[in-house]
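Before I ask anything, let me first share the structure, which is written out below as structure tokens.
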């Protein structure tokens, strides 16, 4: 069960309204690297998790991310507060109001103000939050890796946002939020390492003959050499070929006779070359064969 | 520039048609952990990348993932081939056709067959692929972590799919695809480690006083102790409080006088308690103050 | 700031696993009338709200809805727990496993199990949750009406779900959740009535000559008479006509001369009848006139 | 069956082209509170409705909303007409054209003009219309409440749009559209009241012991008292506790023995604390018990 | 302005309820090739169209498609009518009700019934309709080609649906709808041909040296020869090479000095090979040159 | 299998950075008429195609479109390169940086830069690419028509983009891409004509009595006459009526007795006029009859 405390986890002090900046900050309210995405990623993992330790960890951080969602939302609400009132009360001539809200070359925030000025669950381009951002799959060694990556991405987006505002109160609050991503990343890394072995994820072993190959699929220049394509555990294949299994490289299915007949009937009507067997790509009458 | 070779990277041999299984395999064609998502994740990183080594790596793997997309799509096409023809030619009574296509309790594939039987860019529930699955942010230490996680997730989904089919040709091909995810994960890990330091991502340092704290936000039981909440680099805060900055925990903005007046006018019309300052939450006349 | 208590608001006791039912219950986890939609509707309103009383109300109910999200998610996790393990451990032959998970004619849950068995933020058809479900617009008399409607819809969906399960533990928990929607609806109605006047929403008065008309746009039978189209406050217009303003019913814009010339050039190239003025729909040379 | 009359329901007279304003007006063409959403909300209810009176009402208003969609779309087309021709004919140097279209700090409309200048079914931020906006659930007392709320929201958005334009022709047309929302809201309210009783929606009664409680989930300050949390029909619970049912607040499922064994096998591989029963969260060997 | 006639354009006679079939028919109510998509494609083109003849054509067909939407929706409502009542009234034991609604192996329709039984604006897999299906771009020779294709696709989907039902009343109504797609396709083709020339679309001529080439990008087998890659108007290039313009095939931008310095600083921190110029991919100090 | 060549198909030479223009060009990277949509349209058709000639054609063009995706993405990366570095390195005061990136009245690109500066799979308004753009249905005469239309649309969007930039290197590259759309359109037209007959698509003949009618659904003015509504193959119906089949124009279903009783029970609770049969819309007791 959740309980809410009316005081924010970090105090929000905004120097002056700025709907354009509010709009940018939506990236961390309703954007893909934002706080709702983080909270929901960890919350869905927690609910499906059986291990008490991991469940505890996931609920701790999910709850903190909800508290961060409240902080970033409160900053946005403060930045939009004046414009929201101006629009509702129509304080000025319409042309002035349009200009005032439209500000200095930043229009998505007009949409936001039009939408009520409170924080909407959209990113900075106005795209609604979608659960497609949440990449939980219910396997802890994969999910912890997803969480580590998510925290690293969120850290970068906060850094970029801090770089475009000089409001010290906002900088402080964003700095706090950015810092917490770093702390969470540490926790998730330690949780991943506490499961041994954790690579590869899951139970099924890779097929040995393909597990160490690095296929040089991008050609046309000297290959860049690096630890990622040669050396320990990886073997560089400079000229990768199709059908690594030694087969034909084709795709076949063994169909019942009546379905073959049906496909031939279909071919007669629509095929550009009706002498070819539509089932196998071979000439009519030729049987598909196991390579 | 891309060039295509008509032969698949791995030969596809399907034992018999099975639209229900085709439908499940869509998860790796047009689903969030599928091959298009992988190809597009690495391709967008490659196009924006300046470093020749990393760009090379990303193009190699993006190209291989496109080749995997072709393999998984070809399996789906083989599994649907019979049903597609049956529906187009109306080979049976309508009731039989409905039953034949509807098969053994699996209906999304009816949608797929209705849609033409070829592989559609949807997941196994029929949801269209969206670029919201692609989490590229253009910072290599974050993006490589995202790639590592993506490969781990894809490995698991292939493992689950292998567990629900006994067609040896499909098992082999899926096993190949699963194995390549493991190989790619290794490459991305080595690429990440080749950047030093790689933690935290980006340039801005975390704020020291908050960087090591673990807030025990989920209460009501003895805390589970683990490396993720105590020990080296992390300090466990058992009873986390609001306003860690020592302030009020409120949210304030300093508004120009005319906007304050506008908000009061708005309040008079809609507020349930019009004696409260809508700007600060304080009683009317009280000035918001820096804590 | 949010705090979590490990104990659920209502105890979850599931009699036996049932992935098909789990799939249906997703409707209230990640569906449009579900608990995340409710929590986010009230939370976004709360963050943008200035009035202390309304903010308090919205935070109370948003927090309870998050607690409900946890309950419904926990039921789903319990219902999927067995299938999740079976798939991860491949306990049976693949064909048996496919059948066992696929169950009695219900395939979206196969997707769910494939996805890890934990509750995903999707509806019962597998569609990811989207913030497009959240209809907050930042005006309290409109938003409270939205909230009242949302609670009524959620009540109905819970009722339908209770009607398709005979597991007493699930019935009890769903009954609790359904009941709470009724209680919340009462609170929102009282909150709406506490703002006087609350109709029409906003500040701008309707135009008197059009405010009471009911246009009988659907014809071809005797009109059904009811309080909604005649009687107090509404006047029935049986044969509604275009251009109620008395004008031409056309659409015009006054363009600068150079843009008119440009449009004529465009017309010469693509118009099927190039003697007509593309700007006004009138014959070339005719000036658009104010009606 | 629908029939169209070429004359608009309200004459559109636009004083001069303005792609930036066109872009804002898209909010009511393809946005969540716009005319397509309204038309489709009532149309889908009408098609599923059995009661002749309600069906009549819903078809009347759905048809009028389609007519409003045509009005708002025509205004947008007029506002974009010049820019569309300029872009197609390349009347100016490219740099001038870019500036001319890009106008005064408003860029989403560049996208719109790029897209052809006609009204696209997107909101003012360019997000495509989605049926996720339509909240029909096929129960009249819930659906009428949804309709009442939808009309109230649309009224507010029109009011905001009127506040940012000084074109009298557009103000008049938007005023008409805004007024009609008020009239429709009245009709839906009267239709709701004509069903008695209409609260709570549906057939199943709420559970009495939870139906009147107001849980004070947001803490940390004196509670704001209001009719929404105390007084007639509601009882204020100041310190809400988990497990209101008197149980453990846990989540349990009774699994068959073989699935318990499977989960233990899974736990041995991935659990951080393998001595805990993954099924119940209790120590291994401990049986889950009914509270 | 639209007017509605209560009688359908084609009478709907359904032999018996069948929620599974209702679910499939949703493909043409809220699916990509369905009637709403058709109506909205032509309606948006009509609103943006200046030519009276084309506008007339587009409004005629848009209005008919809305009338078709009503027909297909009414069929769906009839097919679901029994199940909707059963669920609302809970006529049977819950287990029986679950089975009765869940029917013969078709689960998305459970979602639909859960959703109220009326036609929802989703496709047969439950995916909400999106304006992303509408491909209007505001240029008539392109839009008419889009319309021709859309009618052809819709014809095929109706054909497939007719093939899976033996209800004569539904077959008749679907046959009418299918036939009308054919008639509309004819009208759009004639309208396209009435614009001369109509190829290529738009005003800007193609670059002659690239306009007739067919690049054989898919290799590894004898090329299939056909009118599409050789003969009149097309020249087959068997071994296509990069950089057809004769340049380097690279990508360069001329940056101001300070931005080059910034990128070098960034490189020093994150590049795996910091001796390479991140701007040009060349060794540091080497100037990017015009080829 | 795909192979990549590091050299682009067309050399990219950008004169100077311009994030605003980069943002517009996203329309052809991740927009509905863009190169990913094209590549995926042809690729999914190819994978499901049985005819060797058509499969060859589709793979050739799909592969070239992927190569175009790389070109347009590389232009975008070049245009954003400076701003990306400036933001990562925080080279200026925050206010300057905000202004510099925000540029001349174009804000969606701020989102793009915030997102890392590389090309994201979104359109120029920031909307993520969705497979809903791909209209493949697996029937060649319909799909080729879709492809012809798609190429025509893409040609127009390139033309518009060329009209808003004066950078000669970008104009050249976009001119190449535009030209290739024209060439592809020719190939698809020839491929369509090589299938005879190709109209109507599919196998089922239209119903003769409805196949040639043109219903004049939009009234209120003299009808515009054209080849699309009269003359060869089309018969103009000036005053179209409902129920063209000669029936009642109603919708009926024959329900089992128990379901009729259930619906009456439901009616008693919610109907506004309970004397009407909810099943047929007729007065209670009246039997629905075949017309």
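For clarity, chains are labelled A, B, C, D, E and F in written order, and residue numbers in each chain start from 1.
Quick note on the criterion: a residue touches a chain if its C-beta (ideal position, glycine included) is under 8 Å from a C-beta of that chain, and two chains touch if they have at least 3 such contacts.
As the structure is a computational prediction, the values presented were derived from the model and not from experiment.
Minimum number of contact steps separating chain B from chain C: 1.
Between the contact lists of chain C and chain F, the overlap consists of A, B, D, E.
Compared on C-beta pairs in contact, C-E and D-E come out with D-E as the pair having more.
Under half of the residue numbers at the chain D-chain F interface are used by both copies of the sequence. Matched by residue number, over half of the contacts between the chains of B-C recur in the interface of B-E, chosen from B-F, D-E or B-E.
For the pair chain C and chain D, the distance between C-alpha centroids works out to 5 Å. Distance between chain A and chain D, defined via averaged C-alpha coordinates, is recorded as 24 Å.
For chain B, residues that reach two or more other chains under the stated contact definition are 1-9, 50, 52-53, 56, 59-60, 63, 67, 74, 77, 81, 88-90, 104-108, 122, 125-128, 130, 132, 137, 139, 141, 157, 162, 191, 194, 202-203, 217-218, 220, 224, 226, 240, 242, 249, 263, 272-273, 279. Contact residues of chain E toward chain F in the complex are 5-17, 32-33, 52-53, 56-57, 59-61, 63-64, 67, 74-75, 77-79, 81-82, 85-86, 88-89, 91, 130, 132-133, 135, 137, 139, 141-142, 145-146, 148-150, 152-153, 155-157, 159, 162, 172, 175-176, 178-180, 182-183, 185-188, 190-191, 193-194, 199-204, 206-207, 210-218, 223-224, 226-229, 231, 233-234, 240, 242-245, 247-256, 258-259, 262-263, 265-266, 279, 290-291. Across the complex, chain D meets chain A through its residues 20-21, 23-24, 27, 104-109, 123-127, 157, 160-166, 217-221, 240, 242, 249, 263, 267, 269-273, 276, 278-279, 281. Chain B contributes residues 1-9, 30, 36, 40, 43-45, 47-50, 56, 59-60, 62-63, 66-67, 69-70, 73-74, 76-77, 80-81, 84, 88-90, 115-122, 128-132, 134, 136-139, 202-203 to its touches with chain F in the complex.
Those residues of chain D that touch chain F in the complex are listed here as 1-7, 50-55, 87-88, 90, 93-95, 97-99, 101-108, 110-111, 114, 122, 125-128, 139-141, 191, 194-195, 203.
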